[in-house]
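Chain IDs A, B, C and D follow the sequence of writing; residue 1 opens each chain.
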């Protein structure tokens, strides 16, 4: 039909790159919050506190069991209708909230598996030298679990970066939104979305390389 | 602000359920195509054919490295601009195409890891009784790899079902699209999206249960 | 003072009884080995003493104090685990000193005691490495160092050598024996390997299905097993067992086995009794020239260098003789063997219990 | 006819040479064991014979035919793998028959041969189970069945028993020996365990760093090791080595070791030579009453039942004596030992080579 307009693409790159900080900012905020929430959920799942466990199980199941898009729509368009505090929620906040809840459910399972993966004799050795449950968790179990979980958690961070593209559907002008707006003027949709794709690809590739190095490093430092 | 309109929700359930076949149909079609494509990619990655390997690596990296949403927009809004055969592509086809390519990249890595996970001595034992590469693959390696990969592949199927929700952004009236339209009339967005979420949840829960049983069964039948 | 007393110790998992009321006395400074096939309850017993497993019934006292309800840390015991249980994220120094640090020891005092433990176990060179950089044998030493540094009154070992290869196992066995000689601390050692139990312990406790079958010094168990089970379990190669019928018709007692007969010594049993007669491989003596008591056929023979094992067939039984390495053997050939009837063990053919003179 | 000849066999991985030109003859029907510490190249050699590893140089012939370039299936060999390599998705019957099926065997003929192999190995009861349902020993039998059924002219075993526990290992060892007696097929067996090599093989080949150090019948290696390495590697407990200086000043040759001296026999070496003298634990004899040749101090002792090992210290060396079980030993006490000088082994103090009479 027509050739690629490379000049247009080249010109678009700095425009889209200008939105990278927003994308990374949303992902980073979501990651930090999700890590905290996931750790709490995971520790609960390990100790299985009565009266709390079923709620945690339900929470994890719901956020793993429904699409992120549906969750975002529910928070941004739906929830303000029934919760007055959320009436003036903006798209970015809703996106971060949605990413946090969605990924914390996944990450909780990863952290839980890593905690339970620590050998039983490690618990017992700690117990026999007289540590409290909390000391054990903090000094013995979590440092080991963190190393096991780290590569998977980095993977979730990568997924989260990709997940920020859904903020676009909440009307946030992030990379996709900006590309859409640009293309609406030029009508060069293919070029615009391709630029977005390539920038995402570059970000993810960089992080994947870092993750691979982390994995190699942890495997080496942590050989048993 | 206001209470939940349960009557409305109950009335909405059969409406949304009517779109479940479309969702499952898209996911199933995508899954079948992705399985075929992923197996081919995985086998290539194991044998590393010269002149093809770099292309497969690039393909997998691109489709894992960019958001599904961006891929769908690229195929539906962008690609028809430069490829005339795609001019009249409809949303459902574009969604299936996008899901196939996206998930085949992930599944290829799973299948490849499962193949390489089969003990080297299994290859050698097969080799020493004089099987050809193809016989080995078909009779010894793939049956074992399939069992290892199956639970993860079912997980990807679940992810694919959730991924179909993005077809909504291509203008396809699937579950989300239907809910959106309904809610546009009643203005009960929260209720509408909640119904969609609950139906997704139910579908995913059912499949997860099945997956867990499959995993237990395979672990038992396959103990070493 | 760290003698240990078990009185009627019971362990139940729901309706399942794993330990059936065990009584045992471990003296101060004694080295006791629990040995038995897998599932006999030896590890469960150790874990109850360590406080890692609750006691369902009976009384456990350490150093005169009943400790059934005492937390592990309050029992003044240190346990060495089969998989070492080292903390992979800490250096060896930190691993060894960690218990003291958690108890609020002074840094200078901790450092001194870590150095001392490292000296005893010859691991001073690795103190700043991580466990992942050590070999299996070195890790096992560190695990022992972590126990030693706490200066407990009892050491508990849970199959500590079973992850090591054969050669290292023999070396570490000697190390542990030296350690006991040096420290003089009470030690309880769990193993499934009878050689380890025999070579290490002052007292060997043989367990089976949650009960003590026999306890005593190694050589007592070896020379006077109280049952066919202990006879076969202790000693390598295994004791030969010949099952047959006691025949007193010719005056001297004989065992009818297959279509042959074996001379016996004084058996405290009646004519016609079903009998299992045991004889250890080294008690079957080459009887060239002399009149052999039996002439089994060699099936295979295995030269070990210092001895040769002849695996033979006699009266439908397989039996092993330990012979001098310079005897020339041939497959499918009968060999002349004899024995001293005082080296025979007599077990009841039904219960397997040793037959004792009235 | 399935003799195997290796002539100048070399294996290189890039610039690294793993096997340095090995020559070896394996006769038809012979049972040969390759033994050595890890990294000595024993597995590489076996894999080259199997065709699983390319040969970098030299000539390999099986049954008189050069097979350097022949595919594994064309060599008429069957290999038994350390981890069994059973196909987990097939029943035992299918596992055993699979190779025949792939070669286009007739179903009736396959069934007959599977049944025959199952009978020999006593696995007839498991034929319809999956490998996952079998114990380690049973799986090992199936792996052997898979090899037997093909009726190859050579069996290759790659550490087949190393995943089994000690007791089962001894049992299966005897089984393999019986199998060889029954089939009479040429077998090559790789192991790191010198006991397995000694007990199984007609000829033991000791490897070190990709070279054959010594080859010969088990007892020849045991009685006349050509180097300190072989002397220490073969035999358990290990040969004692005393390093010192040869002293001929008193007329009879003696070894100056620490501040003591040992009587030697006729040593083909000059006064003042650095010497490693080897003596096996069973050649140190209890010398109560008689004048002992040495009086080492017992550090620990280990009763094995049939014998007791005394681990002693003498002239700065650790040495082990194998004594009768009824000798009473005490820690930190000197014991009177003697030996026959004909049981001594003399090795060069520098090269470790056995000193031969000129």
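Operating definition for what follows: a contact is a pair of C-beta atoms (placed from the backbone, for glycine too) under 8 Å apart; a residue touches a chain by one contact, two chains touch by 3 or more.
Protein identities per chain, from UniProt: A, B = ABC transporter permease; C, D = Sn-glycerol-3-phosphate ABC transporter ATP-binding protein UgpC.
Everything numeric here is computed off the predicted structure, so don't read it as measured data.
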Hop distance check: subunit B (ABC transporter permease) to subunit C, minimum number of steps through touching chains?
2
CA centroids of subunit A (ABC transporter permease) and subunit C: separation to the nearest Å works out as 54
Report the inter-chain centroid distance for subunit C and subunit D in whole angstrom, where each centroid is the mean of the CA atoms.
27
Using CA atom averages as chain centres, what separation in Å is found between subunit A (ABC transporter permease) and subunit B (ABC transporter permease)?
20
If a residue has to touch 2 or more other chains to count, which residues of subunit B (ABC transporter permease) qualify?
none
Which positions in subunit C are in touch with at least two other chains?
none
Examine which chains touch each other and state the graph shape they make (line, ring, star, complete, other).
ring
In contact, pair by pair, are chains A-B, A-C, B-D, C-D
So in the complex, the part of subunit A (ABC transporter permease) that touches subunit C is made up of which residues?
119, 121-122, 124-125, 127-131, 135, 139-140, 143-144, 147, 220-224
Residues of subunit D defined as touching subunit B (ABC transporter permease) within the complex
50-52, 71-74, 77-79, 81-83, 85, 87-89, 98-99, 102-103, 130-133, 146, 150
Can you name the residues of subunit B (ABC transporter permease) that touch subunit A (ABC transporter permease) in the complex?
1-4, 61-62, 64-71, 73-74, 77-79, 81-84, 87, 162-163, 165-166, 168-169, 176, 183, 188-194, 196-197, 200-201, 204-205, 208
Using the touch rule from the top, collect the residues of subunit C that touch subunit D in their complex.
165-166, 170, 173-174, 177-178, 181, 193, 195, 198-200, 218-219, 222, 234-237, 280-282, 299-300, 302-306, 309, 311, 322, 325, 331
